[in-house]
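Listed after this line are the structures, all set down as structure tokens.
Both complexes below contain chain A, partnered by chain B and then by chain C.
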Partner chain A sequence: MIGLALRRTVRGLATLVGVAAVVFLLMNAAPGDPASLSLGRQAGRGAASPGAVAAFRAEYGLDRPLPARFAAWLRRAALLDFGRSLQDGRPVRERIGETLPATVALNVSGLALGLLIALPVGIVAARRRGGLFDRASGLALDLLFASPPFVIGLALLLLFAVRFRLFPVLGGVDEGPAGFVLPVLALALGAAAPAARVVRSILVEAFGSSAAAAGRARGDDAAAEVARAMHRSGAQLAALVATLLPVTVAGSVLVERLFSVRGTGALLAEAVFSRDTPTVLGLTLLAAGVVVAGSIVSDLAAAALDPRLAGGARTVTGPEAAR
Partner chain B sequence: MSPRLAGRLVAALVASALLGCGRHAEKGSGTIVRRLEGEPKTLNALLATGDPDLTVLALVSRNLLDYDSSLTLVPGLAESVLPDASHRSFTVTLAPDAMWEDGARVTADDVVFTLETLVDPKTPAVNRRGLFEGFEKAEKLDDRTARVTFRTASSTRLDAFSLPLLPAARYRGTAIGSNPLNRAPLSNGPYRLARWTAGSSLELERNPRASGPRGAADRFVFRVVPESAVAFEALRTGAVDEARLTQPQYAEVDREKGDVRAVLWNDLSYTYIGWNNRLPLFESAAVRRALTQLIDREGISRALYGGLARPANGPLPPGLWPYDPALEPIAFDPAAAAAALDEAGFRRGTGGVRQKGAARFAFALSLGGGSDVLRQIAETVQQAFRVAGIEMTLRPMEWAAFSSAVDDGSFEACFLAMSLDPNPDLFPNWHSSQSPPNGWNSVFYRNARVDALIEQLRGTFDRQEARPLYAEIQRLIRDDEPVTFLHCVPVKWGLNRRIQGAATSPIGLSLFWPGAASWRTVRSKSPV
Partner chain C sequence: MRHLPSGLRRALLAAGVFPLLALAAPFVATSRPWVPGAPGRAALTAPVPYDPDAVVLEGRLSPPGRAHWLGTDELGRDVLARVIHGSRVSVGAGLLAALIAVTAGIGVGALAGFTGGLTDRAALFSIDVVQAVPPLVLVAAGAAFFPASGLTAPLLIGLTGWTASARLVRAEARRVGTEDFVESVRAAGASRWRILARHVLPHASGSAVAGAPYVLADAVMTEASLSFLGVGVPPPTASWGRAIADARGSFSEGWWCAAAPAVALLLFLLSARALGEALSSLESPENR
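Moving on, here comes the complex of A and B:
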């Protein structure tokens, strides 16, 4: 187990450095000068004076060669110092800190609520395979699966905020908890659809196994059968969470924008368009870190639940598992 | 999840929603909730460039001289700014009651410090520096009086004094770009910053030390709402009191006659297609005029702007004082255009595309940003050109890349909007010396007579004398058609009917004096 943890951690760190390097190169290869953009370029109205641009470049080290800049950034990033934003000169860590709570609240709540919806739906559908509930929930889940969280959010917004006025149109901290209900629901429904399908598939397989047949022969009731099936499928369910995490985080970028919740998604979009490389790198590293950490935790959890996986076998999730 | 747990979860969500809605309603009728498209980058009045920055600062930071709604300069922090006979030296006399919110007087030290900071090459004061070209020095004469001297005279100099001030005592010796006051400005205007919730909202309250008339509303809350469609729904449900409208939204508001009223005004901008005049395809004025004749601007206005946009006739929009309303825009006339193109040697060749010798009439139109209307216009023009034997491909570009291409002049044709100052100096955009990399004449326009007139205008201080010079420039540029002047598109805004006292000006709803400081609420209708 320790060996697996070490292997996965080393691989995870290499992944983070690789992601950061690629993003750094892409940001610097993109057209548009970050200095003049950050100083307020207006097409057809010119940009800041050459003196101001030169001073800005020197201040932020943009006049240094790329490898030196990346190495310096990497050294600081190891200490969780992501540098200063090119947009307003504030530490990237501070800017991320302002937006991260909203994003974490949205994503954790969305994912948790999504699983709370997906598990019972998946279990009941698997128990009553081919029945009315299975068919109806399958149709509803397919519809949700085909709709990006942004579209789901738009529908919720028009229905519950505009039509019935039950929730505020604008989300975010200014509205209190109410400001998070619809965006969380949008993310939850987006996550619940694939999760419920996977849960159903996993459990259908578990219910059809010889172990399940043996349990039934021993006189297990329905609850016990579900509990045993869940336990046997623990590794796959843990991996499912790891798969859903990046999908939910990606979906939250547009949901944040739709509900005017200023989270890291909005910050990232702004940073990309203004070529604010330190902020983009900080956010990318954060997102990649969360995904890598989620993947490591999921692998370790799976290994703990099924010791055969500690040797390097991998869990199967998503469409593969659904088959 | 048990049904009981699910029931509790739903109950908690609904309760939190109702509590949240209640909280919002407590903001009260004296509070006006405004929409910002994004969060301000800075509230340093000298460095501010974006609409969110300027919209907030308009209530927090007054200028030495302010524009009123008719674009006349009126006293602000200065009771007067007077030129000497040479128009090179200006005496700034501060208003006796001009004060910072911390109780310190606004002094000539602030004037001198602000100007010296502004002209420092390291200061990225993009919006302001151009007006101080030729600045020589600023001197303090006494606490309330400063003298500002320029090396040359210019007819647009007085407009430079529509200038905010920085408190010298707080900024001197600090890095201007990262001073903490950039996010917590010291007010000298009718309102002061009460709270800035990062990423979400800003709240302004009345500044008790403001000079002049006090703000009419108790408070302003600025909500950051990036999505236009969401802002519109927020406006209709009362969550915000004002928001810019798109054409369909304007039509809907106008039709509904509900709690929101539509406001319309002409600003100081126009849209245009810039032709790169140094390329062989576009070097002939006759060809450029023909391109304009192929575009049905009235038809586009009817289809996309509800008939509200009018064809632009030249380099000045109607809201500006020297605008010449008698100048006819080049008319839509495809037959005349075809004849002109034939005469210029561009005859239909293989595949119906015009060519002159080996050169086909084919080029790319660069587009920045992602406006649907802009794209629809481009596609309409593309279709009209195709019929006329001209192959125009559309090249959508990300904004940063597009801006670079425009400012470098590295494009074939580009679609842009031009926004002008209240007292425009045509030199940076139309003088031949200002082609890239020297200035903003990105289309490389050259006309010796226009150059001479622009130079003459800079030394003409009497507007009556200047008017015919401007008229001649407008006519010459219209005839040369270095760009196709497309439309002057009115700005459309929605205001909740509970807001009274809102006036418009060519520079917007609030970027003039008193602007939003005169807004008040007339009936208690709390936002939902």
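Moving on, here comes the complex of A and C:
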């Protein structure tokens, strides 16, 4: 178990360094010189003086070779220091820190509510496979699964805020808790669609196993049968969370823009739009860090629930598991 | 067409609607009459006789009706004309991105699975790296570094969307590489590259090709999301995602501005997924 934790952590860190390298190369391959770009923007319109450009290049180490710059940048990034924003000159860490609470709240409640919807739907659909509920929910889930998060949010908005006027049209923390309901629901429905499908297929297999048949022969009632099936599939269910994390992280970027929530997703859109590269890089690494950490945690949880996995067997924990 | 299974035939017809609409857009939605009549009067107008970019400020936010079937937006532009022209962005970007992604995925997957060793490990590591970042975040980040143009988004989506196909093909190529017929071609003296190109690729790429419509759906969704975030195809080109984002200010007065492109996007995504389902069931009959 400790060995697995170490192996997964090392692999996760290597992946993150890989992401950082890709992002760093992208930054350097992009047209435009960051020194004159940044100084020009801070000074308003017009070109910066050559002396200021040289000083800027020395300060940020832009006069050194690429690998040395990457090493220095990586060392700072590991301490969550992503430099200063090109938009207002404030540290990127500060800007991310301000927007993070709204996004974390949105993602955690969206993910939790998504699972709360997905588990019962998946269980009932798997119990009565081919029944009316299975077919109706399957249709609804297919529709939800195909919908981009902002289309789900748009439908909720048009229905509950415009038609029935139950919630404010523009969400966000400043609107109070009511402004948070629709964004969370949009994110939850987006996550529930793949989750319920996976839960259903995991449980269909579990109910069809010989262990389930043995349980029925011993006289298990429906509740006990579901509990045992869930217990046996614990590892696969734990892996599900890792599959859902990228879905909600990307989904919240869109949902935040739709509902005007001031979160990291809105910050990303704004930073991309104004080509604020340090902020974009910081947010990209943060998203990768969350996804990688989620997959490590869920792998370890899966191993704890199914000792065979600790020995090196693998489960599918990629986006394609939801397809 | 006739010899195809009926499920696939229906799926192909449905999935073909939007590409055809995209091709026909300049003829279907235009203020130029099909048959010009007397000066100032048209003998036969196009079915949607409006230009997508024609601003009519007096006719702002008029609801769906006889003149404008799907209403007008906050600049008085015909929503239906913009939805029809917007299909060009979604279909074009989606197809280009999916082509790049599936081709790259098949190439990387086949090479990694067949060669094994260091190449395989390097490919798996790259897949891990790309999949560690949610696709939308990765593509949006890329869009911050490159000039905004109609080609940036599809190229970025294609270059980040190859991992699923690569995984599929890699697994297949590993299996095919150990089969007897490959062994016999090898014994007959075929070179590694010939075996890879002539024997492994055709056998290993089936599942990735069958899955291509799913890659298309993902690409279309990512492009629409980018446009929705305001970093996709630059304005004034009509695109579904941007239309939805632009309509946010006028939800209460003009729900149709957002609903029409959203429904079009959803229908295109559903048709692509249905095609993927039909192809996959053909590719692996036991899953039918």
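Everything below uses one rule, namely that the second predicted complex is superposed on the first by the 276 of 323 C-alpha atoms of A that agree within 3 Å, B and C clash if a C-alpha of one lies under 4 Å from a C-alpha of the other, contacts with A are read in each partner's own complex, and residues count from 1 in each chain.
Everything that follows uses one rule, which is that contacts are C-beta pairs under 8 Å (C-beta built on N, C-alpha and C of every residue); 3 or more make two chains touch, one makes a residue touch a chain.
What you see is a predicted model; the values in this text were computed from it and never measured.
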### Query
After lining up the shared chain so the two structures overlap, which partner does A:V280 touch, if you call chain B first and chain C second: first, second, both or neither?
second
### Task
Classify the contacts of A:A161 with the two partner chains as first (chain B alone), second (chain C alone), both, or neither.
both
### Query
So, does A:L244 touch the first partner chain B, the second partner chain C, both, or neither?
neither
### Task
Answer with first, second, both or neither: which of chain B and chain C does A:R257 touch in the superposed model?
both
### Message
Between chain B and chain C, whom does A:L16 touch in the aligned arrangement: first, second, both, or neither?
### Response
second
### Query
Can A:V199 be said to touch chain B (first), chain C (second), both, or neither?
neither
### Query
Regarding the shared-chain residue A:G51, is it in contact with chain B (first), chain C (second), both, or neither?
first
### Message
For A:A178 in the superposed arrangement: first (chain B), second (chain C), both or neither?
### Response
first
### Message
After the superposition on A, what does A:L111 contact: first (chain B), second (chain C), both or neither?
### Response
neither
### Query
Can you list the residues of chain A that meet both chain B and chain C?
30-31, 157-158, 161-162, 169, 257-258, 260, 273, 275
### Query
Hey, which residues of chain A end up touching chain C in the complex?
11, 14-16, 18-19, 22-23, 26-27, 29-31, 142-143, 146-148, 150-151, 154-155, 157-158, 161-162, 169, 246-247, 249-250, 253-254, 257-258, 260, 268-269, 271-273, 275-277, 280-281, 283-284, 287-288, 291-292, 318-320, 323
### Complex contact set, residues of chain C against chain A
125-126, 128-138, 140-147, 164, 167-168, 214, 217, 221, 224-225, 228-231, 241, 244-245, 248, 251-252, 255, 258-259, 262, 265-266, 269-270, 273
### Task
In the complex, go through chain A and note every residue touching chain B.
30-33, 37, 39-53, 55-56, 59, 84, 87-90, 98-99, 102, 113, 116-117, 119-120, 157-158, 161-162, 165-170, 172-179, 181, 185, 257-260, 262-263, 266-267, 270, 273-275
## Note on the structure
As the complex stands, chain B meets chain A at residues 1, 6, 9, 13-14, 16-21, 23-24, 38-39, 41-42, 47, 49-50, 121-127, 129-130, 175, 177-178, 182-183, 197-201, 223-227, 230, 233-234, 236-237, 239-240, 368, 398-407, 416, 418-419, 428-429, 439-440, 442, 528
